[in-house]
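Following this line, the structures themselves.
You will see two complexes here that share subunit A, one where it goes with subunit B and one where it goes with subunit C.
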Partner chain A sequence: MSINRLQRVLKRHSYLFALLLLVVALLINFSLQANLFALTTINRNLANSLPLMVLVVGQTVVIIGGGIDLSVGAIVTLGNAILATRIAADASPGDIGLAILLTCGAGLLAGVINGLCVAYLRLQPLVTTYATSFIFSGVALLILPRPGGDVTRDLRTLYLSTPGGIPFTLWMVLLIVVIWLLARGTRYAQFLFATGGKPDAAYFTGVPVNFVRFSTYLWSGLFGALAALALTVSTRTGSPHVGDSMTLQSVVAVILGGTRLSGGQGGVVGSLIGVVILGVISNIISFANVPSWWQTLVNALIIIGALVGPGLVRLARKAVAR
Partner chain B sequence: MSAVDLSQNNTSNGSGRLSFMRRLSPPVLALILAVILFFAGGLVNPNFVSVTSAINVVRLAAFLGIIAAGQTLVILSGGEGIDLSAGGVVTLAAILVFRLTNGENNMVPVALLVALSAGAIIGFVNGIGVTLIGIPPLVMTLGMAGVVSGTILVVTGGQLSGKTPEIMAQWISDPLVGGIPGVVFFWLLLSGVMWVVLERSTYGRQLFAIGVNRLAARLSGVRVQRVVILTFTLSGLLSALGGFMLLGFSQIVFLNLGDPYLFPAIAAVAVGGTLLSGGKGSYWGTMSGALVLTLIDSLLTAMRARIPELGEAHKLIILGVILVILLSFYGRQRSVRQ
Partner chain C sequence: MGLSLSARHIVKRYGGVLALSDGNLEVTSGEVVALMGANGSGKSTLTKIITGVVAPNEGQLLIDNQLARFSHPSAAKRLGIVAVYQELSLIPDMTVAENIWLTHEPMTANFRLRGREMRTRSQVLLDLFSGTVGPALDPEAPIGALAPGERQIVEILKAISAEPRLLILDEATASLDRQQVIRLFDLIKTWKQQGIAIVFVSHRMEEIFRIADRTTVIRNGKTVYSERMENTTEQELIRQMIGDVSLHAAAHLESPAASPVRLRVEGLTAGSVRGVSLQLHDAELLGLGGLQGQGQTDLLLALFGAIPHTGRVLVDDRPVAFRHPDDAMQQGVAFVPGDRSTEGLLLIRSILDNLQLPSWARYGFPLRMPKAYSDATSAARDLNIMMTSLDMLVSSLSGGNAQKVVLGKWLMRKPNLLLLNDPTKGVDVGAKGEFYSLLANLRQSGTSILFYSSDDEELLNLCDRVLVLHDGRISAELRAAGLNHANLVAASMGTEQRL
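Then we have the complex of A and B:
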């Protein structure tokens, strides 16, 4: 009875396991790094993590809708290239606004291409978005062939500021959470979860399955562009491979956060926790003085342990039931 | 005219040429495309159409094709099957052979055996994780890829000392008989073995069965978990074999030797008409897919040599567009309306 109830709660709040993991990881990190919860440390860590936190929003929506987007890293690179070439050191607010609009437009266009291919041409998402990632990286390379750019310092100052004693980046994270919680109550969200969970049943009950699938890639394109904005503002430069590593990281963070790859379940809050966990793990490794050659392995083992965790719990429960 | 014929006419209405192309089997279509691409290369660069360059393209495709063999099996097994640890295993196998032989010809068999065992063990662990613990293949193998590259760093400490035995270059990448390198003959041999395994063995029948419908396969007596574990083990083994072959070509190892082959191998499987949802496909398809992808790459390189304005950026864009077009020919999935 109580186990059943626990299962129900876990199913409704898929991020609970991630939250538990986060608490443990934070405690370990705190024991190694006493100033972890100081404002400056939080600000620095969040400044590093925010681009990926923005990026996982789109990836989560796509995965809930039953797809996957392996082009998000390339979209970040594309956005980074546009922003780095468009925003100069002495850029006026008008220039900056235009550059941001252009970047969001490019991200949405990339999303339209992915969405058309996956939803209407019915191509397999994994290979298709891998293929389109070449197109986006290519365009990024056309715009910015060599690393460069000198994005205005003002934006970085704003990015690192602490309005009301709370880091600007934390405000942004809170904004994402609030938007997600509001969005979850809408009809669109119902359609999204239905499309990812049981597309056939959803179709027969009148859900515009193809349109919902299409729209998920618009979200990942838009949030890819916004992630590029966060990244470019904090690094102040552009680089042709800057987004490459973010694609698989975004997928790992989404899964760590309790969203299943099979779709129809999960949420953005878990994915955000997933990103924080990834950051805390790398923090722990650098503060625990792990020899540098061991870092990759330790990192991979911890992540695999975190991913295996829920599966082991399931296995144990099955064994007990027997 | 039966009702079935009518409905087929309806679906292909207005796109006669497309429906004709779809009626060709994907491997044949990919092969035709490969031949067209090869001669199209002649328009760009007359030197491209020659026996030497044809042999070179097939040689490059052979490495990709061998690495993609295991991926074909895993994808055929269905259940979102994919092996993202293949790139890491390729690197690991090459490094193992590089270090263990240290240039000694008579150490090659032992080193090959160690490399294949390592690949098989990694694949076996993947299989256990996917079946017994119930981790999605993408997640399990992605995690494993990290563990493998982490282990490589720990063991080597970044110092990749060793030497490739001369015999490997002679037998694998240098011309063996009639100007054709050994790896091409080996690829043909492997394709024969893969055909027997897929089309004429109990394992092959069970693999297709679990790829189509796991529940139905289980109810008709297939031990699904056992077949999945075996499939991942074979995938690890074949990736290690690919790493061994690749070492014979590259002669040196580096820490991400196998990574550039991971996604092209998956793309080769998809372009060859194997359904990524499993249960339908062939190794012939993967072979033609590997040929097409290698040709596109060589062609774009040849074009760049001819047209200086064409940069890396254009190459990437063209490659992406061609991949999407190829996938849209036969990589299409079922519509929700059906």
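Then we have the complex of A and C:
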């Protein structure tokens, strides 16, 4: 393959670098933790990561479209509050179904608010979604002022089950990938990438840029609600700050996965790999017996290294070319 | 297949400016009509109205003898009216195929794109230009990796993929090489046979005579001439474009050929400049003319060190290599940009801040503000800037006064060489007059000036010599008796005319 073809493939499949990082990280992790690939370990790691994985799907779509959503964590908190208060330990499938519908409705409503502000009022996404995150957190607090709730154990059992020897959570991940691959081949996806890539050119060509931008926030709201579902099912309780750290984690995962913040390229597969990488790094730190007061720093340094890597490679190539 | 278009007595006002007072254009199925007009004549306004980008104030647009009113470009598109501009509508990260089919991709029943069909149909379109483009131009190539000519071809194919009935090519040949233009013209001939109506907007006289059947000329917002190509000549077209030929050149200062050469340029290449050589004498006012986008701006930017360039540049016989405007400024070069609101002024800051922006280094640490104020005050007085105080925000100044601030900040540095990039666009007549006398004063104190203007009258009245740029090269050097409007327009179109 000539250099040009190779460059093209790398650009087209932006997750390849992340895949490489993942392999390296897994090897290091494996050297520290012999049972990394045992079924129970995989199940447990996936159960921890699935909420973030679901969350990054929405965030990826928003970022590809040229925006960003800093309220996703708050949407998760809101969803968690609704679910924890509406699903009791003895909840019937009807109750559960209703609670899920309500949560998704809340997520979509949050998306509508974000979308209207960014797409039609032309407000800055960064500042707007940061502001709305406080609104959504506030509503969550109204619903659930103190940690509580006792969600039915049945759901958690399902969540941790291994139908056909494969973790339920892994089935979910595969489902996400399949949905993404199908969606990627639609005209809507073309509109999305065009809007994020060069909005003026897209507008000139007849792409409904405003509507596309608006719709991306609906997606992130919906997936925020679904992430809340995964989280609540596994923790079985509600807590006012449960989603706080997930916002920045989602952005980091998207970038690690090869999607540019400026929009117009990338994909969900890369972001999923990014989430796994974050989890593996965190594993490495705990198994390497890094003293707890160093952990945050080391974690951050590794992430910065992964983020900066491609940029350094580009700089090096430019310096060589000159 | 094709359609007939009749634009009658179109009037368009933008605020107080009358862009079109009587625009007319007729095109029928299967013919190529060239639309010609000088800078600012109103021809791009007319094409925007035809494609639905703007709505006219008065006048009628008849498509196939039916009245049409477009509220949005997509309405015109639906009738089959498609325009090709200079690569404005391509998404860099997406492939050629994706760009060509954007918004009208072939799809399956359940909304999935037919990727293979997109690729094969794109290849069929690309094959129309086979032999004139490199192998890099394939359906899977990202637009960002293509050369400008190749991108322009993709734009053209994108328009064709929409099966237009009226195709408007607006300066579409600007970035194409000779072979590609030949192929495009062959394609235009087939499209004509298929019945497509074509409007060909161009400033290349030679191309117009090759491809057009009829021509329509717009001057000062009015359609003044419409004729079949075989019944007209280059001279006649130029005459129509500029009005009555004024043969007497304006009175000039004697060309200071004897004075030393301040700036010598040899083979400068940068951006759209393709090999320009010139000499500028001490205290000379040398004009740059030609239609917009022929390299004038890039030439000035390169001389100021703002864009990368190759070639030899000598200031006062010393070779220089400006990599940054700072280098140029240290050698006494100043640059006044054309778009003052984005390139020339800090709109939200005061007049003082703007006037002193390049010169703060002279006021020490901590800044000697009283001196800065008094220097700025005298500069403002010399320039006759109408203001209440130096602390006024520059955004509250009128166009002419604001432009004086832009000029003022450079004059305070007493430059040896002043580069002006169309500085009087949008400046009122009174302020223009003051601007001209400022330039005269500068010349008296020895400053050399290189002055690009899109206003032909201005060039003729002010300059001793004018270099006309066409396609990135100098097409003519006009001086003394040869410096008249007809020659200027002829050289702008790339033709010879000696009157």
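Methods note: the second predicted complex is superposed on the first by the 321 of 322 C-alpha atoms of A that agree within 3 Å, B and C clash if a C-alpha of one lies under 4 Å from a C-alpha of the other, contacts with A are read in each partner's own complex, and residues count from 1 in each chain.
Note that in this section a contact is a pair of C-beta atoms (placed from the backbone, for glycine too) under 8 Å apart; a residue touches a chain by one contact, two chains touch by 3 or more.
Computed from a predicted model, the values in this text were never measured in an experiment.
**Q** Regarding the shared-chain residue A:W293, is it in contact with subunit B (first), subunit C (second), both, or neither?
**A** first
**Q** Per the contact definition in the header, classify A:Q265: touching subunit B only (first), subunit C only (second), both, or neither.
**A** Touch status of A:Q265: second partner only.
**Q** Using the superposition on chain A described above, determine whether A:F134 touches subunit B (first), subunit C (second), both, or neither.
**A** first
**Q** Report the partner of subunit A that touches more of its residues: subunit B or subunit C.
**A** Looking at subunit B versus subunit C, the one contacting more residues of subunit A is B.
**Q** Give one of first, second, both or neither to describe whether A:T186 is in contact with subunit B, with subunit C, with both, or with none.
**A** A:T186 sits against subunit C, while subunit B stays out of touch.
**Q** Between subunit B (first) and subunit C (second), which does A:T205 come into contact with in this model arrangement: first, second, both, or neither?
**A** A:T205 contacts subunit C only, not subunit B.
**Q** Is A:I277 touching the first partner subunit B, the second partner subunit C, both, or neither of them?
**A** neither
**Q** For A:A194, decide between first (touching subunit B), second (touching subunit C), both and neither.
**A** Only subunit C; A:A194 stays clear of subunit B.
**Q** Does subunit B (first) or subunit C (second) touch A:I304, or do both, or does neither?
**A** In the superposed model, A:I304 contacts subunit B only, not subunit C.
**Q** Which residues form the common part of the subunit A surface touched by subunit B and by subunit C?
**A** Of subunit A, residues 200 contact subunit B in one complex and subunit C in the other.
**Q** In the complex, go through subunit C and note every residue touching subunit A.
**A** Answer in residue numbers: 73-74, 77, 88-94, 98, 102-103, 105, 107, 111-113, 115, 136, 140-142, 145, 158.
**Q** Please give the residue numbers of subunit A that touch subunit B in the complex, ascending.
**A** Residues 117, 121-124, 126-128, 130-142, 145, 199-200, 203, 209-210, 248, 251-252, 255, 260-262, 293-301, 303-304, 307-308, 311-312, 314-315.
**Q** Where on subunit B is subunit A touching in the complex?
**A** For this pair, the touching residues of subunit B are 80, 82, 129, 132-136, 138-140, 142-144, 146-147, 149-151, 153-154, 157-158, 263, 266-267, 270, 276-277, 311-321, 323-324, 327-328, 331-337.
**Q** With touch defined as at the start, can you tell me which subunit A residues reach subunit C in the complex?
**A** It comes out as residues 4, 8, 11, 182, 185-187, 190-191, 193-194, 197-198, 200-202, 204-207, 264-265.
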